[in-house]
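Pasting a structure here, questions to come.
Each chain carries a letter (A, B, C and D) given by its place in the written order, and its residues are counted from 1.
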């Protein structure tokens, strides 16, 4: 990742695009959650991201993302509110006062966000959560350190989609889906699905 | 009505046949009641007539029918319990200590029963109740005074069926169906339907 | 049929076993299907009896206890009890001051209670009857069975119960009861049918975006079927005929009762209560007391009814008096 | 969708307006969606806060009042409230003796309450948390989210509320609360799905003769789907894992709680209570107190849950202590 830096406007665009995708896929997210959860993931994410969009702003990447994270924490509730909220708060902390991010800084911020999710929710690989879409994406970004940003983001989006698809066969061990035991197998995780949208939004807006 | 007298065994058979018909038509009666009432007329009548069957007995027509009437009053409830119960109680009073009935006595007892229904429920012609099937039947019996019992009973059964069918077009003014106002039109009255069964049972057992 | 039952024929008998087991201070006569206040008869107190078809729980068995009913006679589902039950209960709760029968205005209920009262008279117990007929959905006319008794019955049983507890005379208790009925109006709406256990299927079919306006509590179809509307329009639809009928006037103090029909959850009833409260305050009618919940139900029917009772200070005092029953309890 | 609502997005806010209008002795903070006891904070009394997603009414808002909760934080339907709400409520009800958070064990609830407790710690209010996890339908394992908090929450809020009313210390109240949770087990069954207003259709589809065994209170599918069974078999299905889990033993005294999930009428709950009572007495387990009704619901879901709490004399005394809330009231 040597070409290009990511501006604060692009990061703003990323969150806007994620909000758009969440609204576009709201019913799909809720339907996935109906199958193995409580049928609110699309509503939750749309409520949160609409509020984020209304409050977007900040002079630094840190301020932008912390503001967005706080908004998620204080409007979403449920499991996804603290998790996505913590993701953005840690992302913002990692980026700090920067007004643009190098590809490497972006990857590091994504890693920090992912670590935040893990420290809040204790998810591990193959627990069938958003982690399973986000973690491969972050790894792809880190692995792409030597190539182009466009390439790295495309690889991340592909990794996230693959990770999301892989949740279908997993037996849930975190969140509501874990109550279903074996019956959780065969269903795609809603949080992994929204996480893949977050990465896809990055691929279309940041390069 | 000069031929034949009606024995106590025949009257017992009448009530047995009515019970059988009620069970056979239970779901139909309940479905009719669902349309313009509370979906229990078949259940009510079956519960009552099953109890009547279990307790059938008595040395006189009066005793037989009063016993049956009391059983209906004390097992059916709702509107049909007191009404059919009163019908049989008054029928029994009219017949008194007789151990068999002439056709004229039978007609008189039926009239007494019908009067009982009216004094309990205040139904008038075309209120869309059991009265509208029973009244024409009683009139046919009375009119048939000069002919054969078989003929009179057949005419009564036909009159009851016609009266029952005529309830379809009536606007209910008594019982639950009256709550529906105009919406009661187009539906056959469940009580008139069971009353027609009572008369049909007479036609097949008493001659 | 998605019901927690065994044999449909045993629903009432088995529910009574449950009531007995859950409420040690009630007594249940299983043969006659009567729920008694544990300490009935009370010497010198007017005995209060109600009853009717089952399927409206907690009405009436859930309203038996100090400050309310002395006995509830339980019929089959949606079928009035038989005279024998009311006769038995009347004899059992008479403490020498006479017995009041509280009857909802349905042909079956009225006839069966009437027969019971006739029989009770022969045993020497003094009986008066009060018939509730508060449902404005039904045209009141001498040519029909008249209005149905619905939500007012709950308020009446509480208020008459308090009057009886004060050892008022039978006539006085009956007068208070009639005052409640005369000042109460109700109207109901269904979003689904109910399913009578013995019938096994919904009494009527209602599409996902339809409702029945002006329903009673027996799954009878209502006065008309209209497209489903938002809660605020439903509140209008329910209150307009209620307010016009008494009529209620600016400055009236009322007890406002938003009742669930059995399948509607409390969150929706509170939401409806909000809509009702807004309309009342726009009309300058003051809610002095309120009641929100499923108190007179129609099996599993989704929907609600609204009852307004114009209440004098005396009725409010009686409403506030202590009551201790399974479904209504305060002050003790 | 057969619901009494306006815009699905406004259901919680509008229900809170209704709760406020219907219960003058409660106070509602509409901005934060918090229901407060009117006289909170009480000096010297431990403040009791609960909350969670809405759609479980009367839980939790209906349990606010003397002898029970000081505040309830209402999330969106089936969505845990956000930390800001619990932080606000914690500050508002602290009377100097600290605040207890009562949290049902769901990932979202636990995380949001945790964040609130962290924030509250910074403001200097002493906070302890108790997590309920009484649902035996879920395998308890360090590898899963653990068991859900269901019916025990109701009993715990009552009992801990009574302990707080006695001005016990925060630690003592938390200990009582944990004792309740440790001695309570629950299991639920659904005969229909619920419909989340914002989703507009049933969360799962269930045939007319099927049931979901081991459901929680959020419309999550249960552990397994089986053919519909008579109430007596359902009672067996519910009690067997409950009794085996603690385990409950001959001679134990329990509070027996048969809970309706929102769409099931009371007559069926009493019928179920009878079946439960029969099984308990066959096992020599004595029901010291009982509770029958819809207290922790899942919107309009038909079905029920059973909770058994093994209760010491002390817990029973706390259960019997006066309580005055919209949904549970006795003694005052």
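The rule we apply is simple: a contact is a pair of C-beta atoms (placed from the backbone, for glycine too) under 8 Å apart; a residue touches a chain by one contact, two chains touch by 3 or more.
The structure presented is a predicted model; accordingly, all values stated were derived computationally and were not measured.
Mean C-alpha position of chain A lies 54 Å from that of chain C. If you average the Cα atoms of chain B and of chain C, the two centres end up 32 Å apart. Centre-to-centre spacing of chain C and chain D amounts to 29 Å, using the average Cα coordinate of each chain.
The touch graph of the protein chains shown is a line.
Of all possible chain pairings, those that touch are A-D, B-C, C-D.
Chain D makes touch with chain C in their complex at residues 1-7, 11-12, 14-19, 21-23, 54-55, 57-58, 62, 191-192, 206, 208, 211, 228, 230-232, 234, 262-275, 277, 287, 290, 292, 294, 297, 299-300, 302-304, 324, 326, 329-332.
Here chain C touches chain B in the complex through residues 53, 75-84, 106-108, 111-112, 115, 137-139, 143-145, 148, 196, 198-199, 203-204, 216, 218-221, 223-224, going by the rule given at the top. Looking at the complex, you find that chain B touches chain C at residues 30, 34-40, 43-44, 47, 73-83, 120-121, 172-176, 178-181, 183.
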